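The chains carry the letters A, B, C, D and E, assigned in the order they are written, with residues numbered from 1 in each.
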């Protein structure tokens, strides 16, 4: 419990947090309502000063990496003989996306989607490429929260572009595998690379859920142990976190199901088998979110029943005390009266007799409560 | 909190408001039950004196605007060589709609739908035109409420008609784009214009939700801070608002899904891509409404648990006070009795001894409660 | 509020009412279990002495009406050159239905369905006719309740038969339109007449919902104003009313959807457009019922929270009073003791000093409670 | 109420009952886990000593009945020229089923299903026969409970076999109709007989629901009248009964829907029309179960609100009494003190003045509570 | 009750248990996020030292069993003329799985799935084999819990491989049947053996549910008997157990439905009939889980209502005692005052008169409470 208490102390619930989480609930895709579709307006905060590029080109035999300074250098590296993976960190500079889009011949809506942060996960097929946008979730242990970032993947013939909001991602192990030549990456085309990226993203959903699950366990113990209203607030936050997670992950499952069933020619049959696998994982993630929601909802019931039960206990204590002493206090009050004619007052054995009566009365009461099972 | 308090003070919950919102829940489409279909009867309130017309004709090169005085002038402006967008503000004058309908050769049911306020959003294909009716939602910050208005769009070869209940709409930026020639509007046909209008309407749903989301946040803080019954009433209103929103937006999502999948020839393939985009937005709007409903439902739990918890706290205070003092009061009552034979009364050290006993008793009680974790 | 109070007084909740409403929940279609299918047994109460007939025959040019005395006269009026609409009020005389059925060549199950009151709405296609059975709902303002009656419609080539439980229906305006020749009725066939009848029935669902919606509003105000247990009982009744409405209307929606999509040749293409319209209305009715259910469910929460909150308020009053006076009563008890050696009793300033102490104590308590925000 | 009280007294809730109902919730189809499929093991209790047979053979003109002593006699009665209906009461003797199965050439799984009590309702098509298993529900008024029994129907060319757990069934009226030649039975084949049996089973579901509905009404009145915890226990039982009913009937609805839609050649087109009818009935039964579930769930809310409300009332009484008298008791305590210097004690008019003050205080309190609307 | 109490005592709810159950809720399929697909990493605990093999080869006439020491010996036993069933206990040694996979030519993802513990049940078709993974549930009566283990089944031409986490399984009776030649196993191919294994697994789901159902009954009696907060904790655990069960079994139902409907050529038509049967069983298992969830949810309501009711009862006792004695205590306080001028004190009959008044007062109070139905 000490652990949880300190945990609660470390992560206070403050208004700013509230706003941020809710910000995730109501987020708009587009900028000013009614502006022309295809207008590139970055809708999120600016996370970094300059846009950074990273390019990996590889074939079965070789692999080359580069970190070009600007977008022109970057585009010059595209090579039709190899699989080229261009990663772009930072979406605030819409000129960069504009340039890439014009060079690659992408649809304007695709470009708009890349820079619009807060999108619902989706896959869109265009004539010569497939566009996937999905949330990248990571568990940030320092603040005990899930961090969300939007990642866009554009798969075209021989190339994959990935666009992220900020530096640092979940793709490092994919790069490692490409560099070392482990696995199938180097032997396969751009479609397999796309699969590998999707798989990495979905794999990290499990990490996020593990974090949330750990939190749930801690709260569960706290509810069982010593319920107080702060725990109810934490439960409410947890619920909201799960609502947000569900909302983020649900469309990912649909997206992967569609990809797996669809007949996009850009995905070869061998990669389709792998897509089936990552789809299975996304289904399992959703199952887990739903199960956690059920568990948390049960915890609210548990908390409420705990409070009711405690009120009942407190009531019993009060009732026992009051009920035992109220008649006795009345009795002693009687013999405190100043009537001239109260014969009992003169009797020698009256005082001890009253004590005996009162003790009997109290014992009877206590016995009755005991029989009712009150304590 | 001060902000919310003043907010609650500004927007009192009064019976009229209740009626109006509920009015939105149970609204009929048709006038007198059983009247002939195709009878034009305006079912809503009259928002303006005269019907106003606004016509925009444009091609790639040019654009002309006019605000004709009456319906005949207006219809004379239709031009088969350009895209003509006729906007009609005010539905109370059914003769106007009748005239337009006869001139354009529309089905009687279409005309009836235009003037019947309170329709469920739907799309209907007729032989030579497509009819879309949907709610136009805007957040009115002054009363902290969503304002709803019905808009009808009739798309035919080379023309678009829009019918609104009152002046002022969400289309101003679309007009701006047509005037300045930004975007694709001027280069595309009437189908693209229709898309642009649909997109503008759905975009404003996000504004409405942002307003409601902001309200939700304020209430959430209030629930956490100092729950009182007024907040519960506001929560109930918020719930109702969300029920109404869900009911208004849900069919819009279906409508756009149908439009996107259907093979209405009037929508060209390039516009279909854009329809897919606006459909995605409507799905996201619905996701948000559902998430908000979940959050508000959690807030009701939170409120109720708060009240229970506070009752428990109050009970504890009462029980501690009563339980500590009731036995003591009994004791002092005992020595207030007037029995002739009470030896203790004569003892010199009896009074201080009683004080000692009572203090010990009280301390023991307090200690026991502390051990129970009551304070 | 006065309005609602008087309303509640006018419509007392009595056991008979309970039984009647529940009777609507568990109703059987068929008579004695296991009897032969096609046996005509009237399952409802007998609402009138004699079966009444009303026949309308019309073509584009002319219309004739008659009220034949008995079933033979009635059947003699059938005319293959015109559209004939035969309305039969009263289902208790199964011979009448039997005779009509034999004459028209209907399936035995169809006849059985006509006289079996309490059916689920459905449409059944037979070889030469289409059978529709659905509830006719009307708001009876005098008892503030929805009245339900079963109506059967049989559409065959050139004729429509309607069977109702009792006199008085929702079709008067359809007759009016036929008589005056307004609208399309006289220009169209029996299929359009069927549509007009369906439309009239569904239109009256809105009236019923308006009544229920009005009731809901009144109760909502009452819940906000002064919750007492009678309101909870009324809420429960309202819930049941909505459960019954949902159950009655839900299959109507499906029925109309099926009719609209199906390829029954008896419905011409022009009429199909109108069926789409009445289906839309039925969808909207269902939306409204669901929304009302959500609102009523929120009202139950509101009521419960109100009761909890009031208990909390009552507790606070008790606790404040008790907590302030219990220690004071103890103190005065102390100085009411009769010990011989109580030095304080002799001090001249002891009495006013005690008052000062007690006032300070009480003020401190009140201040502490105020600080806790208890009042 | 007296009626209900006596009713509750008559049907006490005892542990055995609990076990039996729950036994219905978790029941297994198969015997020892992992035993060979097709092994005939009777899984239910043995309801009768000997298996009884009853055979009806009929054609349009004639009908013969027999009650053979043993299975061989029974099988000898099969006649390919007539429709033969063999009814078998008692499933404990697996040899009997084995023999019949071998003679008729049925699949081993079919035989296993017949003797396995507690099956989910289902229809299975085999090459030469159709197998239907479903629960037979009857309302047992003496114990106010639904009795469940499993019935298996095997329909083959020219024959129908029915297998029941014990004697007494819902088919008596079907036999009557066959004997008297009423209805279509004698004129139709074995498929119509099967329909008639299914119809009889589903018809009795209505009887069961009527019983449960009657119980619901009684409990509803009791909840409104005088809620006590015994009623909550009865509500819980009722809920469980409805859960069990839903679980039993739900698959029946699916089964009948499948039969009606399927193209099993053994069911002729004329019988298909009748199957549609019985399917409609099963849908209505399910509607009713769902509606009852909703009603009972509302009754739990009603009960809980009643308890809360009563607690609130009790609290008010306590608070009024305590709050009025606590200050007065304090005051009389003050003048019971024994200080030497208490000038008020000497004043002649002090005593009546104190009474006046106390009466004013009490009246003020009572007035304040009245104003708060507490009584 | 004694049984349950001792049961609760035996199975204390401790943090470790919490973690373990929750561990089942949030479990990941894959190892380190982002690692190459097809990498064999065992994700579960190591249950045994060495991997154990068991091989059964059989035809219609003969059956041979062996327990090879290592994987090479094991693979040498494969025989194309007979049906070979290889059972592998222990998944921690990925080399073993690797070797088998290479020899049999299985896809890498299949191998990865075998060693990844905590998978969602699924069936995957590969070119030359079918892979099924599902949970094996058993009721462990000693700890009153469901034990879960993952089992993988690979069905190829003439062979079946089963992989389990530890020794001991639910297949013993299948082996028995193969050895003794009872049933169809020896006469059928590998597909029938697979069916038999699936059937054994699903059959044991019933055992697990029987255990959980028994627990539910015990808790139900405890809730009815003497609710205390420990029971609520047990209810919460039971809920979680059911959430976990639902999550484990739900995909099994889908899996079996898919197998039954699919046209995998490896399953012959005769076996398909049996698959339909096991699918039916899985549907029934799911029905039972859902029904148990409903029952447990009703038990939570019951518990909460019990607590509320008891609080109400306690309140009544307190209120009756306090309300009867508070006015009396006030009265005796009055005559304990020391005013010089209190004429009543001098009256001879004043004392008995006061007693009479007080008794009348108390009797009146008690009568009033009785009339309110408080006791």
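Criterion: contacts are C-beta pairs under 8 Å (C-beta built on N, C-alpha and C of every residue); 3 or more make two chains touch, one makes a residue touch a chain.
Remember, it's a predicted structure, so these values are computed and weren't measured experimentally.
The minimal number of chain-to-chain contact steps leading from chain A to chain D is 2.
The set of chains touching chain D and also touching chain E is empty. When the CA atoms of chain A are superposed on chain E, the rotation angle comes to 70 degrees (nearest 5). Centre-to-centre separation of chain A and chain C, using mean CA positions: 42 Å. Averaging Cα coordinates per chain places chain B and chain C 26 Å apart.
Looking at chain C, one finds that residues 304, 308, 311, 315, 318, 322, 326, 329, 333, 336-338, 342 touch two or more other chains.
Partner chain B is touched in their complex by these residues of chain C: 170-174, 177, 182-185, 196, 199-200, 203-204, 206-207, 209-210, 212-213, 216-217, 220-221, 224, 273-274, 276-277, 280-281, 283-284, 287-288, 291-292, 294-295, 298-299, 301-302, 304-306, 308-309, 311-312, 315-316, 318-319, 322-323, 326-327, 329-330, 333-334, 336-342, 373-374.
Contact residues on chain B toward chain C in their complex (touch as defined above): 13, 15, 18-19, 22, 25-30, 32-39, 107, 109, 119-120, 122, 124, 226, 228-229, 232-233, 236, 239-240, 243-244, 247, 250, 300, 303-304, 307-308, 310-311, 314-315, 317-318, 321-322, 325-326, 328-329, 332-333, 335-338, 342, 344-351, 354.
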